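Okay, structure first, notes after.
Order of writing sets the chain letters: A, B, C and D. Residues in each chain are counted from 1.
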Amino acid sequence: MSNSHAVAVQEHQDHHAGHHEPGFIGKYVFSKDHKIIGIQFLMTTLLMLLVGGALALGVRFQLAWPWRAMPLIHTLTGGLFGSEGGQISPEFYTMLFTMHASVMIFLVIIPILAGAFGNFLIPLMIGADDMAFPTLNMLSYWFMWPAIFCFGLSFTIGGLNAAPANGWTSYPVLSAVVDASPSAGAPQTWWLIGLTFVGVSSMMGSVNYMTTIINMRAPGMTLFRMPLTIWSMFITAILQAFALPVLTAAGFMLVAERTLGFKFFVPGNLVINDGAPTIGGGQPLLWQHLFWFYSHPAVYIMLLPAMGMVSDMLACKVRKPIFGYKPMVYSMAAIAGLGFIVWGHHMFTSGMNPALGMTFMISTMMIALPSAVKVFNWIGTIWGGKISFDTVTLNCVAFISMFIVGGLSGIWMASVPTDIYFHDTYYIVAHFHYVLFGATLFGCFGAIPFWYPKMFGRKMNDTLGKLHFLLTFIGFNGTFFPMHMLGIAGFPRRYADPYIHPYMEHLLPMNRFMTLCAILMGLAQLILIYNFVSSWFIGERASRNPWNANGLEWTAPSPPGHGNFDIAPICYRGPYEYSSPLNPSDDFLMQTDQIVAR
Amino acid sequence: MRSYSHALLVVAVLMAGGCQSQRAPEFVLNSQTKALVPAAQDAVRNELQSAFGTPTKLTVWESLPVDFGKFEGKVTSVSDGRAFVKLAVASPNAAARRLPEMKGAAVKIKGADSGLVVASYNAETGALGTTGSDAAVLTADADVSVIGDGLQFGRDLYLRHCMHCHGVSGDGDGPTAKYFAVRPRDYRKGTFKFTSTKPTIRPSRDDIKRIIKLGVPGTYMPSFMLLPDDEVIAIGEYVRWLAMRGELENKLDVELGNDYSPDAAKDRQLKEVKQEIESKLSGKVTEFGTELTEDWNNAEDEGNVVTPVTARVPSDADSIERGRKLFISDKVKCFSCHGETGRGNGVSTEDFNDIPGGKPGEKSKVAGLFDIWGNVVKPRDLTTGIYRGGRRPVDIYRRIAAGIKGTPMQAFGGSLKDEEIWDITNYVFSLPYQNKPAAKHH
Amino acid sequence: MFWPIVAIVVLAISPAMGWWFPTEAFSPLGKQIDNLFYMILIIVGITFIGTHIGLGYVLWKGVDNKAPKAWFSHGSHNLEMLWSIAPAGILMFISLYQLDVWTKYRVQSKFPKDMITVAEVTARQFEWRIRYPAPGKKLQPTPQPDDLYTVNDLHVPVNQRILIRLRSGDVQHSFFVPGLRIKQDAVPGTIIPVWFETLAEGDYDLTCAELCGWGHYKMRGRVLAQRESEYHAYLKQLAADQAYDGHGDARTGGADVVKVEKATDKK
Amino acid sequence: MRIETTLIGVLGLSLVGCGSETLNSIDPGGGASTATVVSLRKESSTTGNDTNAEKTGAEVAIQGGGDPASVLGRIVLDGTAPQLPALFSKGGAKADPTVCAKDAAIPDESLVLGGGGEIANVFIYLDKAPAGAPTVEPKDNSLLDQVACVFKPHALFVQTGKPFVLKNSDPVPHNVQTTPQKNAAENNNMNPGSTMELKFKKPEKQPFESKCAIHAWMKFYTLVLDHPYAAVTDTTGKFEIPNLPAGEHQLRIWHERAGMISQKVKIAGGKPTDLGDIKIPVAKMGFK
């Protein structure tokens, strides 16, 4: 009797979910469930994070002990990668930093924000039971793998010891003429194809996000009741939708130039590697314009979602409404808009029309404005809050602090005359690592423990989290803050052995210090991985709303079943009603709570 | 807690292990040696080892004409195992700057090898620390000479600036080299292309220094113009040393080649072969050493430098016209390789030639002329104004008069008068600047 | 928030530690650029310290907040206006303040009139090939039979506004002289004029600042600023060496070695 | 805390492992990663004279003396070789058709056979003059001529010390690029009608190839020795090396296609030793 009743309930729930249980493959591999897909993205990107980090350590090692036998390189690659007598070859160094950048940008930061958290959070936060196009969503994940495959292939193709060696920007002529760089032939081409796959993947994602956010919001979830995370995802999606085609087109042009002999970027009469003089009237700057027209907005693609998530976490952690919700939204929109008209500041020294230089400088200066507003708003949010210091809070605060540094150092870049000096020195490296690693990754390191309970129904270990944060923070600043000094000292990027230039010899000890810090930081990530995996099994079980947060996602069971919500949510107010006087009993007021009249 | 601290320990061990498992650079045998029977290979390897050592444990063969670097001096005083030595060096700074290289340099006492090596030297106080108990052998006012720091200095610089193209053994096959259309020089034949010396003579020190400083325009050999002179010289000496090492290897191969190729010695006992080789080679290395010394000393002899007898003929229209006539004449036949208009597209670049050292009757797949290293060489396109061996009149003169060693570019010194060579030189210099008629078909 | 203090301390000591500009700027524009740098440094420094003090303060207050509930506030419009407009003003000021440096630096119509074109610098993998006009002649756009060639070693007369024509022989390079605060990409297919003035004799390191292949780091050159007389003497010496036919006097190239004269450093 | 200490340990290890003794100077390559040492080469007392080399090995072991005698034989091909096509038919030369192959085709001389398969241009020689052999004044070297863009003869034996004269009888220039193993390589241009004189210092171990860079097909082979015990076969394939001392000798037989063949030969005192037909299998000739 009771059994049959239970069965009945079971069936009823299944029916409510509108599906019947798919098999293992359908559920965990080619799943169309946005949560699974999000987690798949998360796993993949964390894996890639380790890969990229290892490559970075290789770069750091060469800078600290130039031409010293690189640890593990022989054990791991069996003496491949053109090393003789244990010492690596300069072209291998160029491959190292090229692939580091490619992996970190295209396989870690973009997918971890839009892919992992975007997928997982959007439907939950807007109270939808899944994405608008589940199949498209699944594809957007599985298109990552061709990209990873192509990048990997680019490493191993061409005699097992050539990878793209033209920097992640792969400026022509170097990248367009096959003989110009060690990545002769295939690797660079494969890299470009991989890039296209990444583009396709994020394009699918962005279309999906836009549709979902516009059409599938829960009743009562007006645009200005959406959490900032959703806003940031929405804006990011728009950015991607508009910027990506340009990169894809440029990529195809470069592939055509390399393989089919088109002449878009290579001018005539260049003699490269004792070859015949090149023919044709291409223009190298064309690539730079096209590339940066995507890649500058991409910087914000890599940043905005983190901003959104940090806003949400911060509000919850300080038990306070966001200070100036609408200004936050507007500033994000402003950043996105301006982001399209500042790409030229990557080209101040490239010899483009100086008038352009001025306009781009002004627009670039202006884009600092919304960023400033956001910073002030965050500080205002913390102002007068009741803060519980755990991993999440620490990471969010680190995010703000690092973002301040990265943003401020950007002002030198924005002002053309100083950029003339700082362009392509380590100052740039410091700047974008502070923004991309310092801001974005700290944001993610906060977001992972914050939404972990919702993903796996368990909490992550807070002690380990704090330890991981501490080591990462110290290692990070130890590694990247000195880079400002290097940049001021005129230390150019992408030098395998800068110390053959007399004016840089004295910077070696500093580089040794930075490398040690980098090693520390690299090892610290193992803690994160361990914590992530172990908490899955031994973590403390989490309730539906472990942080007493307001968002819709916290009304769903953790982890949410298929179809997310067992009770269809209705939204009554904005997401940041913490410590609202309307709820005397508790210091939070969920978006779904009706006010109890009394 | 435990589990991952263990994991970290594993990582630590891995890293440390990785650092310890650094491969030291090693010299490799050349292809002829590899073609010999194992016993012969071992013999060659051992001889080379004893004569030149390894990159990390260099051996100074004092009779070779190489500046190994030598500080001489006297022991002034000995106190608690430290010998205080006044070394006769240019300036204490020089010694100080060279200290990293002086570490490990060999120490001779009273002209005899003490087997000690320098552990430390303080240029100010003159305190010389050596490995082992130096107080025992370093008695007061004994003559001391420290040998080999120059070679180590050159070795370090070579490993830093040159190795990744030219290879540890100077075989022109470093890791980076495989991307080059123009292969880096393989020193081991003792043949260098752009020299100031007569066709049969080795390059002089100055030639090597000049190439290091100016680079080879049009190739990936960059200019090291701004390296301090002493560093350039040290690199040059190391290169010469590597060349001599390679030559010795070749000589040994020739010595053994007839009898110890696999099919010549296939039905022989390993043991008898071993003894035979030993007896065959006994004293040979010393003999070859004297040959090397003679050859490389000849290169420094002023008499072996190619110097024109007459001064350059003024480069006027007549001279250029005469030069042009010679260039396309059947007497000199420059055009057969360089083409009628000097674009380097002469008919002989269309031949399919035998690969040097290839099988009998085997033709190469690509058309073109070969150098003795087995690489296709393009006759220079003289209209580009890029001259690999230098752009001074005397350089072009030398290319014409003495040819380019190891390439089909032959020496015209015997068959042309100086004036004629100068005329051709003037014509060659004029080529980049005149408007060029299209090349007729031959 | 101990770390901003660390940062500030590092910043403070770094000039003493040699983690600062390799040398003071030895060109007029360079000096202006430095001033600009320091001006921005001050503005940025204040902002940095201010924001971090603010951040630290609110955190500290927030941690030991005895109140039963956090302060319920959705923000203040006036504050928003304040901290939107103030930064806007500052940023606008910075960007306008520096326009003239930029124009002087790059806009050709604003270039000084009294400049001499010293040489054509062709960047190639991986060296700087330099073409001077013959002594007493003007540099022609196309190579001339009597041009003088050298590599990696650009001599210029000191205290003069000079122009070089920057080309690339193969891929993109960048002409970077830290001591003079000059950087200009050498874009294949275009010839870009670069002008500068050196204020002191001596040599200034010249490096490549745009990835140009595996040997990127090998492109070590120098700009040697000499007194006019020395400069002309050098050109003569170069001409003599270039004309050497095995008969001239041995010093000018007869010894078959390249002489790189030590810089007489008056910096 | 445990973890932190472990991490410090890791750092320490990595520092020690990778950064040891290197913090003061940039050290290039693995060379500096291990302590480097210089040692002096012990000069062996034995000087260049290789008496011991002569005593041992296959050179000579005088047994039951006797007057010197000559060794003779015939080199024949074992099997049938394909007919080699001419390099250029009459008048079909690529370069200088007015001179080269003007009257006759230019044959491929890499394998020249007599009617009965006898091989020409085969070198038969001893490495060294056998001990106890009478020292004979070396006779003048035969002259090498260049006629109609062919080197004549194709293979010749030259003695050290004596001048080796090359002649260019053609109205076009030639050049001779030698590739010896022990002597210095030459590459000299020769005017029409001119002669050139080379002198070789050292004996070679093998015949070496010389070619003309202007007419890439022109080749000839030279064997340089410091003693007269050598012979070159003609199309009869016959050879004879006179007055070898009695005893055992190592005969070298070399052909440009077949390469090196070594054969022991015993000279009993007095009468000449006939080796009969020495067969070279066609397989060694490197035809496809």
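A few notes on this one:
The definition used in the following text is that a contact is a pair of C-beta atoms (placed from the backbone, for glycine too) under 8 Å apart; a residue touches a chain by one contact, two chains touch by 3 or more.
Everything quoted here is computed from the prediction, not taken from an experiment.
Here the chain at the heart of the structure, going by C-alpha means, is B. Simply put, of B-C and A-C, more C-beta pairs touch at A-C. Chain centres here are Cα averages; for chain C and chain D they lie 61 Å apart. Work out the mean CA point of chain A and of chain D, and you get 67 Å between them.
Note: centroid distance chain B to chain C, computed from Cα atoms, is 38 Å. Chain A and chain C, compared by their mean Cα positions, are separated by 32 Å.
The set of chain B residues that touch two or more partner chains comprises 4, 8, 11, 15, 17-19, 22-25, 55, 159-160, 163, 176, 179, 220.
For chain D, the set of residues that touch two or more other chains comprises 3, 7, 10, 14, 17-18, 26-33.
Of all residues in chain A, those touching 2 or more other chains are 66-69, 71, 85-87, 89-91, 181-182, 271, 273, 497, 500, 519, 523, 527, listed in ascending order.
Those residues of chain C whose C-beta lies close enough to touch chain A in the complex are 1, 3-4, 6-7, 10, 14, 18-23, 29, 32-33, 36-37, 40, 43-44, 47-48, 51-52, 54-55, 58-59, 61-63, 65, 67, 69-76, 79-80, 83-84, 87-88, 91-92, 94-95, 98-99, 101-103, 105-107, 125, 168-172, 174, 176, 178-179, 181-185, 187-190, 192, 205, 207-218, 220. Per the touch definition, chain A reaches chain B in the complex via residues 66-75, 79, 82-87, 89-92, 159, 161, 179, 181-182, 184, 271, 273-275, 497, 500, 519, 523, 526-527, 530, 534. Within the complex formed with chain B, the residues of chain C that make contact are 125-127, 129, 143-145, 149, 151-153, 214-215, 218-222, 241-247, 253, 255-258, 260. Chain contact summary for the complex, chain D toward chain B: residues 2-3, 6-7, 9-10, 13-14, 16-18, 24-44, 46-50, 52-53, 56-57, 94-96, 110, 127, 171-173, 175, 177, 179, 181-182, 184-192, 194, 196, 205-206, 213-214, 216, 252, 256-257, 260, 262, 285-287. The part of chain B that touches chain A in the complex is made up of residues 3-4, 7-8, 11, 14-15, 17-19, 21-26, 55, 159-161, 163-164, 167-168, 174-176, 178-182, 218-220, 378, 384.
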